[in-house]
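The same chain A turns up in both complexes below, where it pairs with chain B and then with chain C.
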Partner chain A sequence: MSALGGGSAGGEGINPAASVIALVIVLASVGIAYVVYPAALIPLIGVIVGGVLISFGVHFVPVGGAPAAMGQAPGIATGVAMLAAGGGLAGLFGGAWAAEMGIWVALGAGAMGGGLLMAITCLMVNVVYVYAMGIPAASGKVDKDPITGDTYEGYRSQGTEGHGLPFISYVGGVIGGILAGAGGTLIYLELLSVYQEALPSFLGMTPEGMQTLAVSLAGIFAVGMFLVAAVLTAYNITGTIEGPHDPKFKRWPRAVIGSSAACAACGLVAILLVVI
Partner chain B sequence: MTVKIEASEGGMDHNVMLGIGLVGALVCIYLVYLNTLMSTEVFAFFGGLAAIIALWWGTDSIKNLCSYGLGTGVPSAGMIALGSGVVAMLFATKLAGISPLLVPVGCVVVAAILGAILGFISDKVLNMNIPVMTRMIAELTVVGSLTTLGFTAMVAGTFSFGDLITGATSVFGVEIASYASSVIGGCVLATIFMLGAIAIQHPFNACLGPNESWDRTQMCAIECGALSMIVIAIMSLAFLSLPAVVISFVISIILWGWSYSELIKLSKRDAFAWLDSQPIREVGGEQ
Partner chain C sequence: MEEILFGIGISALAGALATVAGAAEDTESDIGSQGDPNSQVQLAPQMGYVHRIYNKAISGEPPAYGLWVALAAGIAWALMAIQYNAILALIIGSAVAVFVQGVYATTAYLGRTASLAKFEQPVYIDILKSVTTVTMAHAFVAVFTTVTMCFLIIEALGHPFPLPLMGLVWGIALGAAGSATGNPFYGKERQYQNYPFGAGLPISASGDIVRYAEAGQRSSLDNGWFTSKGAGPASGICFGLIVFFELWRTILFEPFAAGWGAVIAGAVIIIVFMVIDRMVETWARKTYGPYTTAEAVTEEEATA
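Now for the complex of A and B:
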């Protein structure tokens, strides 16, 4: 969705030296967390796993950007950051609501929340494409749908990279919503466990008054870290992606390394909050 | 690697803007501390001014970053700025336990470190290979943290963690301390977060294009900041005394009215310059 017109950046391949430095950042963050507050070790690892889930999940989401809005490219007609924020935050809210019922129920609720939002979005996007804009769903990257076997070639308009939201992209969107929603919820739950444990002892608070505070702090940190991981992934995708069948999908290892380092650094700062 | 596409001619040098933005925002946030020194609340509006100065600088950073084709649109840069900025800002408010005067400087330092890490990741690990990326992401993180810190100081009249987590609810006329009615406990911070994010991602997104001019974009930034400041002033009704809220509100309304009328003037000027459909100008770059 480059409104500025230029070709998008982002070369192929992995930069080995930088990736090693990123992994060192992850290990250093985990090490510092272990030294200053050993109980935060597992939560910080949970935060990093959450970041990895978010950044891997966002690669599945069919992002069309401005070309999709004009019916010239397949996908949902907005940017990666907005879609990921929508899907992931819906999941996060779903998971936060179920936080009292244990980690697995909460994670499941978060995943379902994100997946449900993406499913509804993809459905309504196709309703608008088909019945309002009058364009059929056709992928630009593959000639045959990997799941249904439908052929797209005869439906693709000349001069476009495909249009609408093909079935494989729909499936990718739902998978992406599930993964990103679960990732966002995991970050929230892990930070919540740290704050619930640490705030009463470090700040000398009563547990009942502290609950809202722990929820608010964990919530705002989770939203912040979610956006960081999602935007880094958006930079990795550079604009538009059709879903798991798109060649750009193969770039995911870079984003996973980058997001884990970013979430490790942010998570360390969030955990240090209770220590100093 | 992409070519640099477009940057408006003229305008202030970015390093000068960085200096003005950083020093101006820090001074304004420190002025909020007068509240604590003089046990009053009327200086809360300086927090909003700090946020506007930071946004004014951040808009130019976004412009520098996004004039290289990111491929994801301008708002994403605003989201990463505020997302990482709020993490750094919350951590910095906790430094008030050591000394309240450490908070604004600590905010800038923590945000700069965090931003440098994020910038390095996006530039090198994700292979964006944009020369200014590390610096601009670091700047944007500082801008994001200063914006949230400024707005938080405006809504609460203070920037120390201890005061931000305790509020008072009135039950039958009796004041009861409660965490839930505080700035952080009540999650007013989430609203501040979005108000800051909208204000930083909108100006360049709205003004970009071949006809982009420096003064119009920067005026749009001030206008967006003042618009957010009005909402923050209304929100501060829950935490501050009435005179302080009225002062904040009047100042934000005046600031917004002035910047909006200036923005309309500049927009008309630029629109007039484009009468008779001239060919698109290619400014400061080759494709």
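Now for the complex of A and C:
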């Protein structure tokens, strides 16, 4: 058996053994956090929920990769993790800014920040396709748009799988940005709450003195965990996805399980960093 | 009131800087073939089309710009911590980041092109000398404007993130906006200029990129000239709008309804952009109509 001989298609189903291992990792991480620093239990669960939101959200984002750059496939012409990171981190920017207004306002601000980036980016993608390249939007996976009812038969140019961003993909992109932005912000806020509480006692610093350190640590861990969840999801998607109407969208439970385990482990490390 | 006006002014200035950054970022990536269209530049020699296009897919544009802007921001932040003048610190930080970009570009071009040796693709030293510096110049504009925008957001608007983290966040967003908006124009309209306008590229034609110009062989500098008229400004508008609306909605509406004002404003702006997108999509369907086969066109002409 060689690496070249291995199949790349992961299939649709959930692997029970891997899921049990993921569950064990999640439970072990939560258990260790509770034993070492009980106040970190709820924040760690928040971090896991944030990872789940990011992973689920990334499935909505219409990503066409390299084929989209030549008008050979629908979607945005960049990588899954790249685009989701852009949207999610713009959300993190907004959420962190609104952190002092309370968790729900910050989550809302983060969600809207991610959604706004995706809404503007998706619009400009269609503007370039339509006005600069003369190409109308057409899905390659469905013949009829589930929202607008537009038919795509006849709007796909010869030899391609469709192009541009059909309206369902646009809406998917915005929903993906909103979920990813909210997830990234949730991870940031939960880690920030742990650091603000733990750093003064463990490092002997004043709360004012460690504010920059807490924000920096929480921010960089949020960015890191965001990329962990987004890249794991990109592996699950394997290449390109058109949005919620794409058959690959059904694979989301697998990525959500994987991301929750990864974020639990990463979240535990992020918490242990300041409490040990 | 004065504070809000000041905030809106800073938002506009940050939006303007972001617009320049987006345009420069996309033009830089198109000259260097860094985005997804790079797949065709790499594929062409394997299909027998030897070319003189620069080839530096260092990584996806978002992580690449995340690195360069964060690096510039980190150095500027450190220099400001030892009391350097802020503008000087931002310029030095950007210059150092651009040297790193130049090193990456050089090694990427040499490595990727040398890997095509078995397909008889030469490594052109004159291309390395002439194009690398042009990508560095564009990267400087993109990095400097983005890091200056980040500095403004922190110092004038009071965002809690330190400068290096802010640079990482907006560098990744810059790369995401620039690659998403600009790649199709470079990939389809420029690299496959000899294929019909108004249609996607047939998958079977992959690798057959345009290699000749009006006189002699096409250079990547020609690609920068072409894309700076379409993809560059579009990417600039995209990133500029993202930054402006993100700041504007927060500055103007956050005081309302205990912070929910900014969230509601964000939702309204998203819906407005959604409606505009639907109008663009409908306009294209009505104006261009469905594709017709060659036989159908001949029949129509015969009937007429």
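Note that the second predicted complex is superposed on the first by the 267 of 276 C-alpha atoms of A that agree within 3 Å, B and C clash if a C-alpha of one lies under 4 Å from a C-alpha of the other, contacts with A are read in each partner's own complex, and residues count from 1 in each chain.
Keep this in mind: a contact is a pair of C-beta atoms (placed from the backbone, for glycine too) under 8 Å apart; a residue touches a chain by one contact, two chains touch by 3 or more.
Everything numeric in this text was worked out from a predicted model, so none of it was measured.
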Superposition on chain A - do chain B and chain C clash or fit: clash
Check whether A:86 is in contact with chain B, with chain C, with both or with neither, and answer first, second, both or neither. second
First, second, both or neither for A:65, with chain B first and chain C second: both
In the overlay, answer first, second, both or neither for which of chain B and chain C A:252 touches. neither
If you stack the two complexes on chain A, which partner ends up touching A:99: first (chain B), second (chain C), both, or neither? second
Please work out whether A:56 is in contact with chain B alone, chain C alone, both, or neither, and reply first, second, both or neither. neither
Partner chain(s) touched by A:159 [first = chain B, second = chain C, both, neither]: second
Hey, is it chain B or chain C that touches more of chain A? C
With the two complexes superposed on chain A, say which partner A:220 touches: chain B (first), chain C (second), both, or neither. both
Of the partners chain B and chain C, which touch A:21 in the superposed model: first, second, both, neither? first
Of the two partner chains, chain B (first) and chain C (second), which one does A:212 touch, if any: first, second, both, or neither? both
Location of chain C clashes with chain B - one stretch out of 117-125, 171-179, 207-215 or 261-269: 117-125
Both chain B and chain C touch chain A; at which residues? 65, 79, 81-82, 85, 212, 216, 219-220, 223
Chain B contacts chain A in the complex at 1-3, 5-6, 66-77, 79-80, 82-88, 90-91, 94-95, 97-98, 110, 114, 117-118, 120-122, 124-130, 165, 178-180, 182, 184-187, 189-190, 193, 205, 208, 287
Give the list of chain C residues in touch with chain A in this complex. 35-37, 39-40, 60-63, 159-162, 165-166, 168-170, 172-173, 175-177, 179-189, 191-192, 197-206, 230-231, 234-235, 237-238, 241-242, 245-246, 249-250, 254, 258-260, 262-263, 266-267, 269-270, 273-274, 276-278, 280-281, 283-285, 288, 290-291
What part of chain A is in contact with chain B in the complex they form? 1-15, 17-19, 21-22, 25, 65, 79-82, 85, 205, 209-210, 212-213, 216-217, 219-221, 223-228, 230-232, 234-239, 254-255, 257-258, 261-262, 265-266, 269-270, 272-273, 276
For a test of understanding, state which residues of chain A touch chain C in their complex under the given definition. 65-72, 76-79, 81-83, 85-87, 89-90, 92-94, 96-99, 101-102, 105, 108-109, 111-113, 115-117, 119-137, 148, 150, 153-167, 170-171, 174, 211-212, 215-216, 219-220, 223
